[in-house]
Amino acid sequence: MADNIRVTVWNEYRHEKSDKAVADVYPQGIHGQIAAFLGANADIETRTATLDEPEHGLTDEVLAETDVLIWWGHMAHGEVQDEIVDRVQKAILNGMGLIVLHSGHMSKIFRRMMGTNCTLRWREIGERERMWVTNPAHPIAAGLDEYFEIPHVEMYGEYFDIPQPDSLVFTSWFQGGEVFRSGCAYYRGKGKVFYFKPGHETLPIYYQSEVQQVITNAVRWAAPVAGPYSDISACTHDVDPIEDVEVQE
Amino acid sequence: MADNIRVTVWNEYRHEKSDKAVADVYPQGIHGQIAAFLGANADIETRTATLDEPEHGLTDEVLAETDVLIWWGHMAHGEVQDEIVDRVQKAILNGMGLIVLHSGHMSKIFRRMMGTNCTLRWREIGERERMWVTNPAHPIAAGLDEYFEIPHVEMYGEYFDIPQPDSLVFTSWFQGGEVFRSGCAYYRGKGKVFYFKPGHETLPIYYQSEVQQVITNAVRWAAPVAGPYSDISACTHDVDPIEDVEVQE
Amino acid sequence: MADNIRVTVWNEYRHEKSDKAVADVYPQGIHGQIAAFLGANADIETRTATLDEPEHGLTDEVLAETDVLIWWGHMAHGEVQDEIVDRVQKAILNGMGLIVLHSGHMSKIFRRMMGTNCTLRWREIGERERMWVTNPAHPIAAGLDEYFEIPHVEMYGEYFDIPQPDSLVFTSWFQGGEVFRSGCAYYRGKGKVFYFKPGHETLPIYYQSEVQQVITNAVRWAAPVAGPYSDISACTHDVDPIEDVEVQE
Amino acid sequence: MADNIRVTVWNEYRHEKSDKAVADVYPQGIHGQIAAFLGANADIETRTATLDEPEHGLTDEVLAETDVLIWWGHMAHGEVQDEIVDRVQKAILNGMGLIVLHSGHMSKIFRRMMGTNCTLRWREIGERERMWVTNPAHPIAAGLDEYFEIPHVEMYGEYFDIPQPDSLVFTSWFQGGEVFRSGCAYYRGKGKVFYFKPGHETLPIYYQSEVQQVITNAVRWAAPVAGPYSDISACTHDVDPIEDVEVQE
């Protein structure tokens, strides 16, 4: 673990290249905007990676130098190679944090980590969302008020097919009648996973201060802990007993 | 859901055919013994399925008629076809219960459902195990005492790389110095998953009354609930709002 | 445990006596209406108890014959004697189920079981509530659709100061902008606790079929399991070791 | 919140005064030893408080200046005044961390926070304990190996009557045949609670480096988060709806 938290912001980076409306909102790409506000913190270093780079930009070297990986994808989940998903999963279980944003709920890596469909309802009419803090003791809620609003969003609604989170940090309300578990924290292996609902390719959500605050908090929470096991996947065969055990017939 | 609980006992069924010591303990196969004690209950109907049958015995028809699937595998996890794993996962998320026994912790289906390595330590010296009840309110603990012992077991020890269970029903003690979360209950989608540690191909563990009691309890707990969603994986696009929503500019 | 589930419906029973609007909605008292719909099930027997009876109707004899206690209180939480709260807590930890309804969130017994303030926000303008199922695998969700609506309710909103439930079965949406964890299941000792938000003294909520379905499901879920420990609060001193332990200097 | 974490170490401080064997091990009292090793960290400031001081040393002023309270008690739990317990509970729910050590499991404050009996089995023959890390991703496991041993301990065994922890960080093995959930982390209100089993009045357990490491980690984890709500117990009445709500008849 470095002194600074080393964040890799991964973006599918397709919408921005094909759709002027997206490029207008995120001229450096969604990854560029996320890396920009994170990098403004003295304790965080950022790099970016995108789908169309070799190995999607997620080589063994990059992952070895990544404390927290942020994931944004939407239209090309199926193009992510399974062997890269295997590699990222292994890195998470060995301690790397994973923060999955918005439509990343259907990414291969999030579905892999959850073991469930990760499906949900949605609607896109630009309605209002209120994100209520449902665990005010959690470090990811630091600096927030009881709730914050995002004025125009895509609605994501229950049933969200995920395991019950180890901690449910946010629960959202939508104008049109739905609720959503919108901030979900998990321990997995030596690593941590946080799903956070806000985001959209044409809405300026990653410019909103509360959203930036939560993602920054989540990076600090998800950074690896220098705990036991260099490779948690390595079964230890033939463990000696604590002392001679007399097995009775 | 039928009136009776329809259980399919799946067994790799390789050890029994190649190793006389195993066949001596389980002449009808491990699946045969499990089906026998379960089938003695008036509310449970059983069938069996094995690896070397077409589609591993787990056709769409079989799964459609299965309320709870019991899984025993050990030496041939890698031979289970991925498309059958996909099918079983889908059935679980749509309500079928899954009970994974002993070395099934490394099966593809259990690892798929957990999202983690599911690795653990082990040792085989025939030592003693004590299974302590750590949730006496859980229906899977019905009819048990504070703990029960299994006189000769293969040790399975922590760290067991699984998500923290929704309920930790048993925690085991081993003579040689290890502990293990040995009875782990999960909700996943519309379905339930229970991992239960006891079992071995050459030890007569599935003849022990407490072990039979727990597996029987687990079948009743894991049977499907007639709840919402016929196919939980089907996203509902274009959900109408509860009423006309005025979106403010 | 009897063959039938023996339910005691406890009601403060003050509003009904002092307020004609309440008596018009619940002429037999809220407890009478809940006992009536529960008692229509062949596997459930009911009795009632109220605040102004001796020992609040919750004598040792009554509790000894109670599998599940349902609690409704609102204006007189402070009049419940602490020694009766102690007695009910002990019964729960020894296996009796507790179902707390609506304004019972501020009852002494619920706050005792939770260890937290159990405070929340509220508003009374007769707005609409949607109760979304957030654990479709849970037996308390049996027979329901994805959500159900209650047309006119008192709003209860987050932050609801409770421990994260062992299972979050319902999450509610309100017209006025709030969300609420409205169906919360807990294991405690040998017993189970379920908090369920619906109800009100002047709104006919306990006549609604989905609400009755949930309370009936909860009774079946909360009924005691014949597990270990006759009195879970009795520490076992001087437990013998499994065999002679050689303590090294 | 100050820049440094302000820890108050509370000790019953009776054994040390009446029993030479205890005073020989802990000449400055158990609180003195804990404060000493914590205070050696640049980011931690300590003070102590004991039962026989006015208000048990836990005045409003002291609690207002305490980020994390450590609790050690054994023979005089009953002498702690209920109004001080109320005050400490309120402080925890408003953000103060609580770390309960060893025999503090039967303290009024821990039982209050848990809502359960908090009873367990015990035995005192100086046997060996192995503390296994069962959540290697948790910050409280930082700097540890897969397990550590304490050579001579009092055994604490299941069933430990507590709510299932939000995270089970340690599970212990004992020579004589028991297991124990020995490191249990909880979120409660705006605060956090950690129960940690090691300790004893006549065994030099608080001099062991791994034990010191865990308590130090726990202090950092339990320090308050600057989240929402100045007083979480204050219900907010008459919350306005997000906008005019049309209530349909």
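First chain written, first letter: the chains are A, B, C and D, and each begins at residue 1.
The rule is short, and it goes like this: contacts are C-beta pairs under 8 Å (C-beta built on N, C-alpha and C of every residue); 3 or more make two chains touch, one makes a residue touch a chain.
Just so we're clear, the structure is a prediction, and the values are computed from it rather than from any experiment.
Shared contact partners of chain C and chain D comprise A, B. Here A-D and A-C were compared by C-beta pairs in contact; the pair with more is A-D.
The geometric centre of chain A is 36 Å away from that of chain C, both derived from CA atoms.
In terms of their C-alpha centroids, the spacing between chain A and chain B amounts to 30 Å. Centres computed as Cα averages put chain A at a distance of 31 Å from chain D.
The residues of chain C that reach two or more other chains are 128, 130, 133, 135-136, 146, 157, 159, 164, 166-167, 177-178, 187-189, 228-229, 232, 242, listed in rising order.
If each chain is drawn as a node and touching chains are joined, the picture has every node linked to every other.
Within the complex, the chain A residues that touch chain B are 89, 93, 112-117, 119-123, 125-128, 151-152, 155, 157, 159, 161, 163-164, 166, 175-178, 186-189, 228-229, 232-243, 245, 247-248.
Chain B meets chain C in the complex at residues 95, 128, 130, 133, 135-139, 141-146, 166-167, 187-192, 225-229, 232, 242. Taken together, the chain D residues at the contact with chain B in this complex read 130, 132-136, 146-147, 157-160, 164, 167-168, 171-174, 177-179, 181.
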